[in-house]
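This is the structure, below, for whatever I ask next.
Chain lettering (A, B and C) follows the sequence in which the chains are written, and residue indices restart at 1 in each chain.
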Amino acid sequence: MRNVKKIVLFMLAVVFLAGIVVYSGNRNVTIALKGALVHTVTGSPLENATILIKDGKIEAIGLNVSIPPGAEVIDVTGKSIIPGLIDTHSHMGAYVPNDLNEMPQPIGPENRAIDALHMGTPDWDEAVKGGVTTIVTGPGSGERMGGQSVTIKTFGKDLDKRVLKESGELKMAINGVNLSHIPTIHSNFLKAREYLEKWEKYDSGEKKEPPPVRDLALEALAKALKGEEVVRVHIMWAHDIMSFLKLKDEFGFELQFIHAPEAWKVADEIAKRNVPVICMPIELAINVPESLLKGIVTLHKAGVKLAMHSDHPVSPEKWFRMNASIAIRYGLPKEEALKAVTINPAEIAKIDDRVGSIEKGKDADLVVLNGPWYEATTAVDMVFVDGIMAYDRQQDEEMAEEGL
Amino acid sequence: MRCAIQTLVVLIFCAFLMAPLNSLTDELQNTVALKGATVLTAEGPSIPSGIILVKDGKIAAVGANVDIPQGVQIIDCSGKEIIPGMIDEHSHIGAYSDANEFSMPLGPENRAIDGLNFEVPHWYDAMKAGVITVITGPGSGERMGGQSVTIKTWGKDLKKRILKENREAKMAVNARDLSHIPNIRMKLIKAQEYREKWEKYEQGDKKGPAPDRDLALEALVPVLKGEEKLRVHIHFANDMMTFLKLKDEFGFDLTFIHSSEAYKVADEIAKRKVPVITLPLATRIAIDEHLLSGIKKLYDAGVKVALHTDHPVVHQKCLRLNAAMAIRYGVPEDAALQMVTINPAVSSKIADRVGSIAVGKDADLVVLNGTWYEPRTRVDLVFVDGILAYYRMKDDRGLAEVE
Amino acid sequence: MMPIPRKKTDHFRPVGVVLAAIICVAVLVLSLQFIQAQDRSIIAIKGGTVLTMAGDTIEDGTVVMWEGKIAAVGKQVSIPDGAKIIDASGKFVMPGIIDAMTYYGIRPFGLNDRDNPVTPENKVISAYYPFGKMMHGEKGIVKDNEILSGGVTTVYIAPGDQQVIGGQGAVVKTYGVDYQTFTLREPAAIDMCIGDPPKQPMGMGAKPPVTRMGIATLLRKTLLGAQQFDQKIKDFAQKSGDEKGKTAPPPRNLGMEAMVKLLNRDIPARIESDFVDDIRTAIRICDEFDIDLIIDSGLGAYKVKEVLAEKNIPVVLGTPTHPFVQGGEVSMTPDLYREMDDYNAAKLLKAGVKLALGSFGFGFGGFGYATQGRWLLIEAAYLTGYDVSDEDALKMITINAAQILGVENRVGSLEKGKDADVIILNGYPLDIKTWVDQVFIDGKSVYTREGGLK
């Protein structure tokens, strides 16, 4: 009898230990990255610094950080570390096979990208290799009001955990091809305002009559009027930008511009209204004119908040970092360029409580590079997403050699 | 009552003035002298108080001191200017079409004249505006074969109005399709081979069978021989260079039409003595200032420029305004006049008949009430083949309402 | 206590103060002089032949511009010290030219919403592009040398004419530092068309309108709808506070709101119509709804000149050298060609109809943008050969245009208090060889001919 007890206890112990081992294999361990040049983004760069990661978050960052025993120490001497890059405008995972634009429905703000995400595409891995850890992806810009996007990390076993925000901005598109574009959007906002007033009247009343008919489209627009959602407009020409700024003046919604290649022509008007601009992808895939490239700096000087984007697949998510590099080449200060791919997009996407900079309490999304972060010759060595190593270049290359 | 009497007096006076001119509309050859105007012959300095003697539909004499035979009717043109009847080398006046496109497939066996409408008012309005000779036709695309006719805008006998039924090869090219040029070049090479084949056959004993006939290549042979022109619709400078190189290779007689960017390669064009039919298109199309200044550049380089309306792109009657715009953009006045008279005449090989006020040429004359190129100036009289075709005082609808 | 002896330096104190005061005053006076001498904001154009468009021609006249306005115009005008003098001897000075109808500056092309014949809510200002070459250049509004070279300082921009009701036009200057500065009147009118251009293609399942009746009916229905819309708003406004709380206000409608402006006669209807019967239809409908009317193009207007004069309906004629109706060449449309009369303008003027000239400028494929307005002086000159006096011809592109467009309080003539939109020409304006040498808008030089065209 006593032997059986022992055996059972022993087996329990084994199971227990195994569980711990297995469990800890799945759990985030404490990791210390030591010796790199760390760009926190919110402060000055720290040379030869240590970042402590615990439970998927940044636990500490500094020059003299005490590393707890049992922590996995990774020597990153000579490397640079930047926050995981954030792309506020992509269509990654949302365009295969043909789900990008619900073209027959010109006004469809109720359509949601999360309902159409394709997680199996290899683009996600490629994005991670490029150091992009968070993207805002969603429908295309074919329609006037395209629908809502999803803010999601590029890596992670649990899809639900990867999603930071299920729905986001109200996406609109405008280009000066037809005079009726602006009045159409204008009228819809007017209708949304009336819808809002109707519902507010009903909600504050005795509710004796039946409620007003629900309209998903107007509901989505009403959120923008209440300031609960941002209006993000895909826009090309300076005069269209002016028209949209006038709409903002009238309705007071929070506005962001995507692409806006001519934004610099009306930089002061944009800055005056605190509208951020998610710039044209200036990675080399697209032949953008010199004026536009110089215009990025004009925008910055006028005080406009800038974010880069890839518009993947227009320019590959993997080379997102190059947008910042080219902006630097055209005169954007390095710190601003880094902000434009980290904290600015985080603020624009309203996820800056979680990502966008290397600060205590934020997600441990980190990119380790083997040289200055903005150089084309620099390679991404390691990428951490929520404290887990999502990519290790050395391992990746070894496996490639072995034919795996 | 007083008003009515005044009206009557004016009318009688006008009738008195008109009386001698009435007899000029007679079909029989009359001799008439136009006296006292500034005569701009288009071939030499202007004659400040000149005399033109018209006889049998031709210019009998022109100069400062011309003997006017006894009994000849003299028309007093003091204070007026007289220019040669203007010539538009590229127009579609009279073309039947409801749409803007004129692409009608025509082969060398078709006659342009069969495709024209002579009842439209544009012919008369063109003549009223001093445009007497036009090269017009319905076709305007890429094809071979004669589809234009050189014809006067007025005359009682349509057959007599025709100067030439043209058989020139007409092409259009724009750099959008890379295959255009190799196609044209192949055709020219084939035409050359065709010519050699036929010449061999003609010179031989003709015992063997004749070579196959090919109408399209046949149409190109006169071009290669230099008997007919190759006219090409062309806009871009790079296309022009290509065509100039083709001319170097095959030696044909070439004219550019529209030629918007010709000024960019003016020297190359001048070197090969290629005439250019070009802009401005009056005030209708907002052409870039550089293109408008280009006419002067072409002129300075020594290129023979003719201005055209491409009616109905610009109405035929605006040819004079084209010349005015050229003057505005720097072309000397007499050179601009040549661009709507002698230059197109020489280029289209009708200079023996029209294009200047010279002895022996057709009496196509335009009498204006002021400086010939100013927009405010009106045409007072038009002679076509020595016959008074238009007399403003009599014809003008506006003055018909005398209150 | 012994008195503290005064230091020697104390004696100099009052003297020092006085000295300092003198120096300060001297500096102040000198700097004031300096400021005055540098006061480039006052510009005087001297010595030219001034065509004010508000009376007589002033030989050897002076125009003084200050703070964007005309401060003085005349023969003997005292010029303030320090003003910048521009010598205009041998030249002509006149108001900036006004193009009363054009599609200038509209980008990209595609003004006409062919799918929808009635779009009063569309605003042409949203398609106006004053930023130069697309995708190129520096920040800000761009000075367009091409249009300025013709002395054009104000334009009426319109939606296209292939709809029954195209939308709201605007009067803008050809340069200004920002939208607020260059916009003179927006909306300035509602643009419409009666005739062939707005017809939809015929056939099975054709959308209205396919006939002139259909066009007229659509117009009238829209105006009727506007009346009803306006009535609903007025009814709601008259409700008591309690009642207002119970019911929802009438829903907003951008198109109807624009049409109500017509009913209130805040803005006119501009109806492009050429055949005299189309003009009659325009007059009939505007009478029915008691709205202000301007006839655009009006090739056949001379046939109803008495009616137009009696009802004070102005006409904006197109260019006499090449009348062009969008969607069709006049010379290719035989009926319309025969409707035309070279003396249209002269006859209308004689009957007392107010006239302006518009270039109706349009872009033509790759051949540049709609800057035909730069040749309006040539068109005006052409008219003088057809019984229009020089004075009337020039008024058609200055003060008359301003009055018709409803901006005469600002532009159109050189009068004290109006905007300093002034042009200097190197010869008589109606000569073909005359060029514009300099253009001022709001008192600032925006173009000079030596500056060259880029």
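As a working rule, a residue touches a chain if its C-beta (ideal position, glycine included) is under 8 Å from a C-beta of that chain, and two chains touch if they have at least 3 such contacts.
Here the structure is a predicted model, which means the values were calculated and not measured.
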item	value
Furthest chain, CA centroid comparison against chain C	A
Closest chain to the centre of mass proxy, which here is the mean CA position	C
Inter-centroid spacing, chain B versus chain A (mean Cα positions, whole Å)	68
Computed distance of Cα centres, chain C from chain A, in Å	47
Averaged-CA centre spacing for the pair chain C and chain B, given as whole angstrom	40
Residues on chain C engaged by chain A in the complex (per definition of touch)	107-108, 110-111, 113, 116, 119, 121-124, 126-131, 134-140, 159, 166-167, 178-179, 248, 251-255
Touch list for chain C against partner chain B, complex	145-146, 149, 319, 321-322, 324, 329, 331-332, 334, 337-338, 341-343, 346-347, 361, 363-364, 367-372, 374-375, 378-379, 381-382, 384-387, 430-433, 435, 453
Sites on chain A touched by chain C in the complex	176-183, 186-187, 190-191, 193-194, 197-198, 201, 237-240, 242-243, 261-262, 264-269, 288-289, 291-292, 295, 298, 302
Residues of chain B that touch chain C when the two form their complex	97-98, 100, 120-122, 260, 282-291, 311-312, 314-315, 318, 321, 324-325, 327-328, 373-378, 397-398, 401
